[in-house]
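Listed next: structures, encoded as structure tokens.
Next come two complexes built around chain A: one with chain B, the other with chain C.
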Partner chain A sequence: MGIISHRSGEIDVLLQGNEAIARGALEAGVLFCAGYPGNPSSEIIETLIEASKELPIYVEWSVNEKVALEAATAASFSGCRALVSMKQNGVNVISDFLIHLTLSGIKGGLVLVTCDDPSGVSSINEEDARAFAPLAEIPLLEPSTPQEALDMTRWAFELSEQIGNVVMVRSLTRISHTRTNVKINDLPDFETTPRFDTNAPFHTFPVVEKHKKRQKKLDQAMEMFETSSFNRYKGPTEPELLIIGSGCARSYATEAVEILGLRERVGILHLGTTWPLPKDLATRHLRASERVLFAEDVDPFIENSVKALAADLGNELGTKEFFGKASGHIPSTGETSPALLLEVLGEIFHISWKNSFYREKIAALIGDATPPREFGFCPGCPHRGSYYAIKTALAWDDRDGFVSGDIGCYTLGIFPTGFSQVKSVHAMGSGLGLASGFGKLEKFGFDQPVVTVCGDSTFFHSGFPALVNAKFNDSDILLLILDNSATAMTGFQPHPGTGTNAIGDRVEPIDIEAVCRSLGVDVISADPYDTEETARIIYDLIKRTGPRVLVLRRKCALVQGREGGFPYKMRVDQERCKGEECGCGRYCTRIFRCPGLIWDEPVQKAKVDEVICVGCGICATVCPHSAIIREEK
Partner chain B sequence: MTVSPNPEGQSRLIEEIIDKGICVRCGACVGLCPYFHFFDGKVVVMDRCDADTWNCLQLCPRANPEGDILNESGGIGSYKTVTMARATDKEIRETSQYGGTVSSIIISGLQSDQIGSAVLTDRGGATSPEGRLARNRKDVLDCAGSRYSASGSLSILNGCIKDGEDRIAMVGVPCQMEALARMRELMPDGEERYGRVSLKIGLFCTWALDYRQLDAFLKKEGVKDPVNKFDIPPPPSEVFRVQTQGKWRDFPLSQIRPFVQKGCSFCQDMTAQEADLSVGTVEGIEGWNTVVLRTDKGAEIFNEAIEEGWLETQAFPEDNLEHLKEAAQNKRERGKKSIIKGVRGQAWE
Partner chain C sequence: MMDPINIVITGVGGQGNVLASQILGRAALQQGFKTTIGETFGLSQRGGGVMSHIRLSEKNNYGPLIPPNMAHIIVGLEPLEALRVLPEYGNEDTLFVVNARPIYPLNVIAGDVKYPDPKWIRQILIESGKRVFWLEATQLALELGGPIMLNMIMLGALCALPGFPVGGNDIKNVLKDVFSQSKVKQNSKAVDVGGDLIQTHED
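After this line comes the complex of A and B, so read on.
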């Protein structure tokens, strides 16, 4: 039995933040869990999938986040506890349903977990999903450690049921992916039988009444927050500086206060329940200090609500000095760090500290073990072949064509690894919508060819409606579906096209080509490893009109590596290689850029890095002098 | 021919020739490296090269206009004799453009083993006509007839030199012959490469068309089937003729002229003076070719084709020769004017 499904608790176990969230949900007796993969949130559902093998719960990867919330809500409406998890962008996707759902309210505890990714370490954007809590008028909890992540998630279900509305839990990359000792508790019996009470329907009418009710629920939550043990104060009764913080930034502030020896002068109000702001608690602390620093990641969320409160109580509290995002002390972009908090506190208290403190600490631990690396496709990656073919076709066409990109590994097409063909990337599925618009500009004189690319998972997530739109409006859209049989970027979760679902059941795979054909859209397929032939097909498709789909199909190199590997052993015939000379100009290492090909400095020729090269063989067709030789393994 | 080397590389070729739209798609710069392709009637830039030795700019017949002005010869250039010829073989006569002289010489040369292969221009299909390496009679007949758009066929020559091909015959328009001369003088291994080309047959040329524009025009005009044959009968007819499935359709030349390649206006050579022998039509005498024999090599292979019974000849009418020289001289004057206008005005457009 896995530790996550361990029935009796009261023990310390080593857990990752996301596992702690999953355990918290299990300890609350969650019955229905759904989500859409996306770093840094994916391990929550993955952990619950493991648990579902031993516990009577249901877990699914849904087709997108909105459907995940809708599906989970069904369980809640039927009186069961349910959890949905996603990364920050996913909250945008659910927002439409969420804002309606929170008007109707819910029944069984329904917890929405968002894992925000400040700095966009593995994201296409930087976003503070907390903004949706005030918008949807729902309570928000912010753990700052894996232990809190567990405890808060468990309690969030209770809170949700007490007020009859969704509760949001916001984690961060550094919490979700931190591993530490966490105390777990007993698991309950999981004995609920779902039943929908037809006498108590869920809808948003009468709208204004429901809106009032939603705000009452918030007031109720605020009252509970006033005394919540998730909010703690540490420091002198009348500190020279009050830090109000949440999440990682709060932990960094604590560390900085210690290092700078400010424990006697600075107080830290650790807020775990950040929306609605517990006003009495905050007021008490504001009275005690003239200066306030806000420590939080991304938006000035706590900062703004505290400032609003201070304005309301202006007569009583007088003017305070605030340090935070508005004052420029804490940047409102990029993630916070211990070094940042050290710097800010050092500045406020005029203490100089050694700027290289953390850098030296890191260097002592890992040395120079991490070489600098640019974003790049893996060796053998079919996307390299796909973009090479696209690049070739667009160059042949010679009308300054470009790619309208989407979200997946293939987003890297904006970088040299994808020959910088992608000129636009936004939300999931948006590349198709944009292309459907570009495809209607011809009559105004637009003659640049636009190719849009989309992975199979993204197609099912939200690309499909845009393709329907293109068909409906007869747009000249050329969609390349990059089918690598995996949701590779987020860790190979199954999707509707793979033939298995989250819990490993065999299900009938949904055939994208058949879906497109059923829309009356022409579909053909090609092999991204055969770049020349694929380029010809793309060139030909560019010249046609109406919606067209080309499926470029090859397994993700990592999957292929696991399933038998690649056929070739590669080498460079250095006699034939022309290197820097006219006629080559380091074409393979400078333009094609597979990491398997490297520059042999002493002889000034290319060579194959045998450790990195997987032997896909694409590069053999790319060398202008046939110097890259492939031999059957 | 005066040839002066050019000191800068790919960027200059792109900026001054390709981006300005004056590339004549001869194909000289294609097939030597991965950075240019000839595709569907156009020379396109695939990637930017950063090599600090280069050939592309050196070879380009459009890249050195001042040098060309210094060109000393006039009219049809230097030659031994001008004569009239046509094929004796019925099939060649039927498939070829006029008298089938070019196809006959190639077939004769291949059969007598004087040449090993020939770089010709195919009829195109899904994409534009392009160069093709012909090795036998069938290949030659598949390529017979004139396509009035440039085929970039020097790219095929570059490719087969790289592959080790020897004793190659090159059939091409005057700018292609000029590029060959540049290759010989300016490429580091120019003599060696030039040595692989054992025969250069030049085609007379007034201008060539931009394939993509022509193709779009013909499609718009409802010409859907593959074109078997094009013709531009000599003045004063002023028509462009297109044959599909055995039927001719005529378009006024004024509709076609807008598609003439911009770069052709700088060209001063109508009769391919750098070739071993040059071939064109004969004004007023249907089914025959004008043949200008220039070098010993050209005369030798031409005479052999006659001896082997592939060709028959007739004396070239004196009036025609005068007229031909006049027409060729006119093209020189027009080209010079355009160059001076272009270079002095610092603008090629």
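After this line comes the complex of A and C, so read on.
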């Protein structure tokens, strides 16, 4: 039995933050769990999928985040507990439904987990999803460790039922992806029979009344927050500096105070229930200190609500000195770190902490000798072949064409690994919507060919409506669906095209080509490994009008690697390789850039790195002198 | 030993960094340590650098990031990545356990920038810390069955460092919880191979 579905608790186990969130939900007796994959949130649903093999719960990967929340809400409306999880961008996707849902209220505990990714470690944006808590007027809990992630998630269900509304839990990359000792508790008996009470419907009328009611629920939550054990203070009664912190920044602050020996001088108010701000608690602490530092990731969220409170109580509290985002001490972009908190506290207390002698010495020794590691497609990745073909076709066409990109591994097409063909990337599915617009500009004199790319999972998430739009408005859109049979970027979760669902049931795969054809859109398919043929097909398609779809189908290299590997053993015939003399300008390594094909410095020739090359064979056609040789293994 | 013991494991996506740190964490937990692992730092699948922070303490669960210049041990699965984290996390007493075999960044392959001479990297590390274990581990991994064996060799090497509180046998004890039956033996072997590299290492 997996540790996550262990029935009796009170044991210490090593859990990742996301696993702890899943466990917290199980300890609360969750019945329905849904989400859409996205780092750093994916392991929550993955863990629950594992648990569903042993416990009577339902788990699904939904087609997108909004549908995930809607599906989970059905369970809540029927009196059962439900959880939805997503990364920060997902909260944007659910926001329309969320803001209506929180007016109607809910029945069974409904917890929304967002895993924010400060610094965009594995995201294409940086965003503080906490902003949605005030917008939707729902309570917000912020764990700072995996243990708190478990405890808060469990309690969030209770809170949700008590106030009759959604509760939001905000994790961060460094909590979701941190593993520590976590104490788990007993699992309850899973016994609820869903039933929808037709006498108590859920809707938003009368709107103003419901709006008032929503705010009352928030007041109720605030009252509970005042005495919540998730808010803790550690430090002297009248500290020289009060730190109010949440999330990882709070734990970095704690360690920085230790390192700098400030324990007697600095107090830390560890805030776990951050919205609505527990006002009495905050007021008590504000009274005790003249100086306040805010430690939180991304937006000045706690900072602004504490400052608003201090302004309301101006007469009584007097003026305070605030350090945080507004003062420029803690940046509102990029993630916080122990170094940042050490630096800020060092500055406030005039303590120099840096091992600066060491750092300077090392920096002088190294100079600029550490080349950065730019992102690249994996060796054997079909996207390298796809972009190579696109690049070739657009070059033949020679009208300054470009790619309107989307979200997935293939987003890397903005970098040299994708020959920098992608010139625009935003939200899920937006590449298609943009292409649909570009496709209507011709009558105003626009003559650049636009190719849009989209993965299979992204197509189902939100690409489909844009393709319908293109058909409806007869837009000249050329869509390349990069079908690698996996949601590779986030760890290979199944989607409607793969033929299995989250819990492993066989379901009929939805055939993208059939879907496109049913819209009356022309569809053909090609093999991205065959770059020459694919380039010819793309070149032909560019010259046609109306909506056209080309499916480029090849398994993700990582999946292929697991399922039997690749057919070729590669080598470079260094006799034939012309080295720098080659008229191609070292096309193989300078342009093609597969990490498996390297430059042999001593002899100044290309060479295959046998540790990296997987043997996909794509590069064999790149060399004009046929020096790259592929042999059957 | 210090408390907490701070270990950085750094390398390139695909080298098995995260798995190695998880296995170390499990073994440490069984030794009664409060263990914190900051897991993936970077885009792990696609060629970027990947770093894990592991913090072992008898008293507290520490935060997921090691404060600046406070790493006791830096394990480099790849030499350039060991060099990269040196100024931020190293100090005069840091021990380095480094695999000597480079994985070339794309901009090096393209000829835009140079990969520093590994011998020079080794020299810098020697001048910067307490001791450097420079291991030809990739070659041994290939002999054991493939580049993917590298992480267990390096973990075996780490656990063979004098005074390190988690031993190679502790690691081997948790392998069965992580790998399928058929792979346990091969990975155990890799842990031993890594241990031998430390025993027989000549500075």
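One rule holds in what follows: the second predicted complex is superposed on the first by the 614 of 633 C-alpha atoms of A that agree within 3 Å, B and C clash if a C-alpha of one lies under 4 Å from a C-alpha of the other, contacts with A are read in each partner's own complex, and residues count from 1 in each chain.
Please note the rule applied: contacts are C-beta pairs under 8 Å (C-beta built on N, C-alpha and C of every residue); 3 or more make two chains touch, one makes a residue touch a chain.
Given the structure is predicted, the values throughout are model-derived calculations rather than measurements.
Colleague: Which partner chains sit in contact with A:409 here, chain B, chain C, both or neither? Use first/second/both/neither.
Modeller: second
Colleague: Applying the touch criterion given at the start, work out whether A:398 contacts chain B, chain C, both or neither, answering first, second, both or neither.
Modeller: After superposing on A, A:398 lies in contact with chain B but is clear of chain C.
Colleague: A:590 contacts which: chain B (first), chain C (second), both, neither?
Modeller: The answer is both, since A:590 touches chain B and chain C.
Colleague: Counting residues of chain A touched by each partner, does chain B or chain C come out ahead?
Modeller: Touching more of chain A: C.
Colleague: A:145 in the overlay: touching chain B, chain C, both, or neither? Say first, second, both or neither.
Modeller: The second partner, chain C, only.
Colleague: Tell me the contact category for A:558 with respect to chain B and chain C: first, second, both or neither.
Modeller: Only chain C is touched by A:558; chain B is not.
Colleague: Name the residues of chain A shared by its contacts with chain B and its contacts with chain C.
Modeller: Common to the two interfaces on chain A: residues 590-591.
Colleague: Inside the complex, what are the residues of chain C that reach chain A?
Modeller: By the definition above, chain C touches chain A via 12, 14, 22, 25-26, 29, 34-43, 45-49, 61-69, 80, 83-84, 86-88, 90-92, 101, 103-111, 113-116, 120, 124, 127-128, 138, 142, 147.
Colleague: Quick one: in the complex, what on chain A touches chain B?
Modeller: 391-392, 395-396, 398, 539-540, 580-585, 587, 590-591, 622, 624-625
Colleague: How about chain B: which of its residues touch chain A in the complex?
Modeller: It comes out as residues 32-35, 37, 39-40, 42, 44-47, 49-56, 126, 162.
Colleague: For a test of understanding, state which residues of chain A touch chain C in their complex under the given definition.
Modeller: 12-14, 16, 121-122, 145, 147, 174-175, 177-181, 248, 251-252, 254-256, 259, 337-339, 342, 354-355, 358-359, 361-363, 365-366, 369-378, 409, 412, 416-417, 488-489, 558, 586, 589-591, 593, 595, 597-599, 609-612
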